[in-house]
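Below: a set of structures, written as structure tokens.
Heads up, the next two complexes both have subunit A, just with different partners, subunit B and then subunit C.
Moving on, here comes the complex of A and B:
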């Protein structure tokens, strides 16, 4: 009996971080259900390529948030290890996307060249990620300042790689990555996010990366004294974020078969940081939960899609978004959180006694 | 007193400028533009200026590219300090330029605006060679009107709010929608020139189940994004399709879509202003007066079924 109580308590604290993004996401969902019950209806249609596919707002949200979700995974690690955020993710994704396009345009597009292009995109993203990471971990520069460099010049670098302003890559294979694989009714970007999620889960399950990252974030000195190479952990987090940027960039390019260096994943860095914040992660480093950030990413996309569905005038969209974000962040603030956890403790105490009474009976 | 000194200084500068001109016939120009990576249009625009303002043509060109108005302002100020002979500006935003242009005038620097207008008194610049964005919007709206459809249900995807191109391409359409009963805007939303965002906006309309038969996207990239959403939802588009697709800028790949009949309309936005301005500078140098302050680039449009390979070769931007 005591054991089970302990167990429930343990799992509760493990998943408590999911509460805020779940709450905000369900608020948006509830709001939409009241506004228009058919908002979440999913339909099956045949697309112009002749595939049977799923459509609907729910699919649009899951699909549209893909890049953001992948970036949020990497950003969570960087935030946890370094206690700061990388603001160059959009620029880095543009660089990786540009590399992807450059390789694809140099020859015939086959599965092999796509794989090669992706590897090259990852490689260049890791190089720049290492650059960011070195500034942060070796030179001890505040992450936001260190990544400001790439934030400023990244899109120009992306442009230099390709030259042309909006180079296009036309191929059914690219279309399959950005849209639908023939025979599979779920948009491919959603599948890519799932794969990334599984990879992250496996890494955390079979390596000590999660624990080490958290330790470095909470107390660097203690981590070092315990034999953890803090510089390496920080560097590694930036390299992983680099790979995430490459994945996001390649998805973004594949969606339309074109890259616009200036607008590919425009302003995504702010949304990514926001996703991590909505996910309830400590922005000063330490405790983190990747799945929570991913939920945060879907929350942001759900919000945008809702605003589009409500036909909010173009000039007002950002203002509305800001209002909702303020609400979410305030709900997640320590003050409000403390209030709710008190309330929760009270409720739980009530439940526990109720259970005990039941057991006794 | 202060004014007098300023006047004297200005006079002195003009004098030195004249002397400098008499001595060496190299004309220095400071070009403030948006970065070539912005769009296919800008790439062609920058290339055009690079080709005209060369040492062979007797110019020394200093360039600065930014999407941000404040950075452009600072660069223009720097060019004035450096003592360029002419300042050529394509501004990121239409406002905030009074002070810098006044400083240029006081320094005796000729100012030419290209591509985009600036909201200042016309005495502050020598001449403007611009695309008439409003005319592009008007051409597109007139073309749409000439189709004589029974109902016009439009998805209107706008560029970055407040930019000259957005205002020019929005206003004529908006006026027509306000005036005619059978014209309706199903949704009007900005995608800030972002292709992926344009796709999401179109998706949201498709998901809402509202009927629409026209996509009016304010540049090619956003039109492509909208078309991707149509394709995924199995909605036909183009010449023989259910939805009319309209874009702007005439990127080469976009014109190919028009030729293939996947899109219906692409409005031109001419990026070639360098030669016109160069001719004017030579006129000023020769002491002639410039008669027209406002030169508008002639622009046209291309529609499916009419466009030819030749048009694409002549007017297409980019690769």
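Moving on, here comes the complex of A and C:
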């Protein structure tokens, strides 16, 4: 009996990190429930291409957050291993997207060329990821500063790759990646996120990557003394983030059918870091939970969609978003947490003394 | 002289001086090369003044950011606050407000942001990146709420203030027609230079300035030595907010127009300038004079690239990125070499 109790307690602490994103997500959902219950309606309709598809705010939240969710997965690893954030993910995604389009435009678009283009996009993203990773792990530069280089020039490199234009790709296959595969009512980006999630889960299940990353993040010296190659782990986290950027870039390109180096995933780096923070991960490195970050990503998108549904102009959304973000992080702040736990303890103690007084009487 | 030696023995200060020297040397070398190979505008003093005129606001913002970075934090809201100040002040003046109230408004908005950031970051212990990111979102969003349309200044008094320029004839040049064109400097530059001087003195001579270095270098030991870490951190964000407000006013004096995309990317430019100037993001190391030269270096690169024939639109930011990469790698290598040398010297002293 005692054993099972212990077990449940243990697993609870394991998932306690999910509390903050879940709480904020449910707050947003509750708010919508009171505001307008029809927000949650999901309808089956026929789109322009003649496919039966699912539509509704919930689907658009899940669909719209796809790139963010994929990036948040990689960013969590980098944050955990290096104790800093990569601010070049948007630029890197633009570079990967440019490569993707460049290969696609060089020949006829078939499944084979799409696969080839995706591999090339991944390769170039990994190369730039390794560049970032080398600055961080070998030259020991703080990640934010190291990635500032690519943040400054990444989108220009993408522009250069395109030869100074914003080329388009048109094909039903690209359309299928960006919106719907005929016959499947769920938007394809959601499926891609699920596939990425499964891959990440498998990696953590069957390799020691998760443990090593956490160790390096908590205490680098101790990790090195225990025989972990800290340089390699940091480098690897940046390479994985590179692949995530490539995936996000390809989704973004397929969605629009064109590459615009200036607007593709604009400001996504800030949202990604926010997703990691709302997910309750320490931005200083160490313990992490990828699923929590993904929940954070969906929270951000839910917030944005809610604001749009409330007819807030798209240019003003940022201000309202900022207020909600500050509320969320204030709730999650250590000082406020300590204050509430103290208050809770006092209340409990007050109740107990009250009981004792009663008993004594 | 003895005092100088004592300073040299202290670790963080020597790092600061070394990085500052590197920056100034590279800036001078770069500018000299531009003068020799490109000639033209680079031979005139007006080129320097133009760089200052265009970047007075950036210099002020970067000063604030340097203080925050020395204290071990980061403030990425500065560009947003600057844009908000520009927009609000212009709308205020176009609706009949005076220059004086507009200036008060600029300082007030900056202080409000600084207060909020400082309180949330130092007293509620939330990560500075997230709070100032939210601050940036808020400021940018508020800018469009104040006015979505681009605004142009219509206030006559302010227009004359904008046109007022300080002329320095002996730094001018003789134009082709034979008449002397004096070097022109805007009032904003004077404000920026005064602020650089004030911040420099504050960091070097006052207790508050030294406390910034202390909490950035090692907040734990600063606390043990009796520094009020929370209050010092609070002040760093407050000053940064105030300076962003002033920068907004200076920016307005330069452009005279409000736009939702004003000062876009100013935060990253300011961070880059601080880094080029030898400020470390980890805190405890930095110098505001270095930041000043950092801004100049960054601008010089941007001026050299189109002048040397790389006219395609992407070259400017690619070379800027390359230069930034060069600087941070150089700093990292130099600092790690020094650390190694020091460790060796220590071992030798032991053995």
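Definition applied: the second predicted complex is superposed on the first by the 332 of 361 C-alpha atoms of A that agree within 3 Å, B and C clash if a C-alpha of one lies under 4 Å from a C-alpha of the other, contacts with A are read in each partner's own complex, and residues count from 1 in each chain.
One rule holds for everything that comes next: a residue touches a chain if its C-beta (ideal position, glycine included) is under 8 Å from a C-beta of that chain, and two chains touch if they have at least 3 such contacts.
The structure displayed is predicted, hence computed values, not measured ones.
By the touch criterion defined above, A:349 lies against neither subunit B nor subunit C after alignment on the C-alpha atoms of chain A. In the superposed model, A:145 lies in contact with subunit C only, and not with subunit B. Once chain A of one complex is fitted onto chain A of the other, the partner contacts of A:164 extend to both subunit B and subunit C.
In the superposed model, A:115 lies in contact with neither subunit B nor subunit C.
Of the two partner chains placed around the shared chain by superposition, subunit B is the only one that A:266 touches, whereas subunit C remains out of contact. Within the superposed three-chain model, A:156 lies in touch with subunit B and with subunit C [touch as defined at top]. Of the two partner chains placed around the shared chain by superposition, subunit B and subunit C are both touched by A:315. By the touch criterion defined above, A:334 lies against subunit C but remains apart from subunit B after alignment on the C-alpha atoms of chain A.
Overlaid on A, the two complexes show subunit B and subunit C touching the same residues of subunit A, namely 155-156, 159, 164, 313, 315, 317. Every residue of subunit B that touches subunit A in the complex is listed here, in rising order: 35-43, 67, 158, 161, 187-190, 192-197, 199-201, 203-204, 206-209, 220-221, 224-225, 228, 230-236, 251, 253, 317-319. Within the complex formed with subunit A, the subunit C residues making contact are 74, 120, 123-127, 129-131, 133-138, 140-142, 144-145, 148, 260, 268, 271-272, 275, 280-282, 312-318, 320-322, 324-325, 328-329, 332-333, 336.
Residues of subunit A touching subunit C in their complex: 85, 135, 139-142, 144-146, 148-157, 159-160, 164, 270, 273-274, 277, 283-284, 313, 315-323, 325-326, 329-330, 332-336. Residues of subunit A touching subunit B in their complex: 38, 45-49, 53, 55-57, 60, 64, 155-156, 158-159, 164-168, 179-180, 187, 252, 255-256, 258, 260-266, 304-305, 308-309, 311, 313-315, 317.
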